[in-house]
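In this document, chain identifiers A, B, C and D correspond to the written order of the chains, with residue numbering beginning at 1 in each.
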Amino acid sequence: MNLNYEHLPVIIVALLLLAAFLEPIVYRHKKSWAAPLVIASMAFFALSSLYLMAAVNYHGPFNYYLGGWAPPFGIELEIDYLAVFLLLTFSVIGLIAIVYGLQDLKHGLKDEVLGWYFTLYLLLMASMAGISVTNDLFNMYVFVEISAISACAIISIKESRECIEASLKYLILSTLGSGCILLATAMLYMITGHLNIGYLNDVLPRVMSHYPNNILISLGFFVVGYGVKAALFPLHVWLPDAHTAAPSPSSAVLSGLVIKVYAAAFLKVFLKAYPREIFLEIPVMEIVLFLSVLAILYGSIVAMVQEDIKKMLAYSSIAQIGYVFLGFSLMGQRAVAGGLLHIFNHAMMKSMLFLAAGIIIYSTGIRRIRDMKGLGVKLPLTMGAFTIGALSMVGIPGTNGFISKWQLALGALDLGRPIIVVVILLSSLLNCLYYMPIVINAFFGVKGEPELEIGKVPGVMLYSILFLGFGIIFFGIYPAPLLAFLQKTVTAIL
Amino acid sequence: MIDIEVLSKLFNNYYYFAAIILFIIGFHTMLTHANLIKKIIGMNIMETAAFLIFVSIGYIEGGRAPILDEGFDQIYMNPLPQALILTGIVVAVSVTAYALSLIIKLYQHYGTVDADEIARIRSYKP
Amino acid sequence: MEDLLVRIICRLVVPFVQLYGLYVITHGHLSPGGGFAGGAIVGASMILFALAFNLEAGSRKLSHDISLLMESGGAIGFILAGFVAMLLGQNFLTNKAAGFPLGVPGNLFSSGAIFFFSVAIGFKVGSTMCTLFYNLIEGSDRHRSSE
Amino acid sequence: MEVNSLTAMAILVLASYIFFYLPASRLRGVLVLIMLGIIGYALVATVAEMPTFGASANPPHNEVYQRYLHQAVEDTGAINAIAAIITDYRAFDTLGEVTVLFTAIAAALSNLKAH
């Protein structure tokens, strides 16, 4: 028996699945063990991701053959720098969100569905881990489906009719996306005979001249498929409703992680499976770039006119996913690193903002931005954390939002596209216009009408957002190790 | 523009051609019909089209089903697409089941399965 | 629906359907079929039973607790079998190299872990089919009775 | 048939935008038809270029296919090559598939019970 760290990625996925399968039985027979089980699995996920990151950083990337079958025959997991980076992001934010959620969900969900919520949450995490590590297109499709269903389900679990409607809309659109992904996979399999990403990369240049249309169509369908799921600008229509209606921990995870995992899958497919010369002939990345610029501007502008705080945050997510795609579609070293860094940073800031909004809703019941005047006195720590998040969204130096925007701007300048820098600056200005009034009103606004009833905020909820706020500042001041790691990541990809 | 060569190619690839037509039909149903059940049916048609195109990749003229009890001198179909589509079908079934459960609940809340009607009810604020 | 003929025929047919489903599950590695097809047949037999009689009779045959256990059990069995290979020093889900006895190809008890996987999948699919059916029907029934 | 699928793709992207913002009307119906027509044209042009249906020299019938047919019995002991693939060569997919079923159950039950 030799269990070394190479088994760890598959153990992560399998143990999360195992915990998810056990959860309904445990919840039915031994209710008090359900929450510790989910926390323990997520903690294991986080710790082993950390260990895996250290191991990969030290020993270099490695591959894992499931069932012992080498790539063209079996499924291969590729644990490279990108995969461990994603794993770490998902596990840490996921752990914090569920620790927070234990309190919030007891209050927001019916007792009998809480066990199912844990199950779905673990399934979502397992599928995201699977998408990060797999190196096989069809396997990725299967995991994408798991995460699509479970992401819809953690919205519809809340007892309100808006949730069902938002969830159905999300489900229909994301199934449309899955259909497109499957068709694109079929197109690639038809002309290459492989599903492994590495083999596709080898074979595609040879068949490119014989079947150009297949490649074109597959590119188009991949963009649409992953674009729908990641809420790239014109395909984002499901996002505001879904992220607004969901319970707060779900919103944090959906906005912070789930749309990012599809962006990462997009990166994997486009930069690892397709050879680079295809993008010289087919300007698909230019289109994605154009769409992401539109996304940044559109999301920021629409967020300004929202009244509901969660809806505002949701629209802001559309803008932020635009940054991620902006970085990827520029295809320069520093730009892709900036996009990846923004996945991590935005996961932290947006989860924190959603969780802070959750605390506000939990303790006061306020959802409208206008009613938040004077809230800074009542909930100083929450609003303080919110302020850190807002500053980071705007991109004030000293917060991590600044670092990723700076990287993206430098990456754009490397490739001689100063117009992108203008877009980033403009969007920061717009962010400032809608985040700052909330902060200013909360601390300096005149206390309005009748006194607010402030419920007690559970400590766990507060500590989790403070922890994230600390992370934002920490990675804003000391980003060097992360940047060095990402430098390695993009060197391996490009 | 359309020459005889292209037409004969289309005729030879009739499975793919049919799959494409199904895909367009499914897409159209999914996007234009307001009835949610019909949307789900369109979704299934679309996925079926993708399955059809995938599984017909594995077809070989004159091949047998890949049950390997007759020795290796036979021509067998490619088993990989069939195995993959088995997975795909189960995925489609799961999505359909969940979507139908959502529609049941939606019907209980709104009394209709028409998306436009639901939007109208939602925008109506007394 | 209170139709004697339907009920008698259903009582006659259901055992054979289930037997056939079990046959398809256990012969998955020898003939067309396997866990998914066989599981679907077994699940369909339960659905047929619930359609011919009524929901209560159906759920008496397969209570919620048991079906919940079967749901999870099939999937857990699958993963645990994968871990067994890992404990034997091979990769996850390894079959031959991990030392599962392959037997003589063509026999019923051959092909090592594949037989076990088929059975686990069959359990899972069968119980999933009838659980989904019962719950969807119950979900819409509850509505009708509340009106 | 020359086709610029990028136009088709761009239209696909724009199409979804329009579908969700235009109210149901005749205009929307016409726009949908036009856009699906363009997508259909691109797909049909692709079909005209695909490997011939059923030919044994097509790219998918490569060494992977040979291995699955010639060594499946030896590797896995299963006579049914499809069973060999779904439960041995690509068993991880099947684990995912079982999980999808479980997810559907969990999703449907949680939704039905929550309301």
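Quick notes on this one:
Methods note: a residue touches a chain if its C-beta (ideal position, glycine included) is under 8 Å from a C-beta of that chain, and two chains touch if they have at least 3 such contacts.
Since the model is a prediction, treat every value here as computed from it, not as a measurement.
By count of C-beta pairs in contact, A-D exceeds the other of the chain pairs A-B and A-D. Taking the mean of the C-alpha atoms as each chain's centre, chain C and chain D sit 26 Å apart. Chain B and chain C have Cα centroids lying 25 Å from one another. For chain B, residues touching at least two other chains, in rising order: 23, 27, 57, 67, 69, 81, 84, 86-87, 90-91, 94-95, 97-98, 101-102, 104-105, 108-109. For chain C, the set of residues that touch two or more other chains comprises 30-32, 71-72, 75, 79, 82, 92-93, 95, 106, 125, 132, 135-136, 139. Residues of chain D found to touch two or more other chains are 16, 43, 49-50, 58, 60-61, 64-65, 68, 73, 79-80, 82, 84, 86, 88, 90-97, 99-104, 107-109, 111-112, 115. The touch graph of the protein chains shown is complete. By the touch criterion given at the top, residues 1-3, 7, 10-11, 14, 17-18, 21-22, 24-25, 28, 64-68 of chain A touch chain C in their complex. The part of chain A that touches chain B in the complex is made up of residues 138, 141-142, 145, 148-149, 152-153, 156, 161, 164-165, 167-168, 171-172, 175-176, 178-179, 182-183, 185-186, 189-190.
By the touch criterion given at the top, residues 1, 15-16, 19, 23-24, 28-29, 32-33, 36, 39-40, 43-44, 47-50, 52-56, 58, 60-61, 64-65, 68-70, 72-73, 79-82, 84-86, 90, 93-94, 96-97, 100-101, 103-104, 107-108, 111-112, 115 of chain D touch chain B in their complex.
By the touch rule above, chain B contacts chain C in their complex via residues 65, 67, 69, 86, 90, 97, 100-101, 104-105, 107-108. Residue ranges on chain C touching chain B, taken from their complex, read 30-32, 36, 106, 125, 132, 135-136, 139-140, 143.
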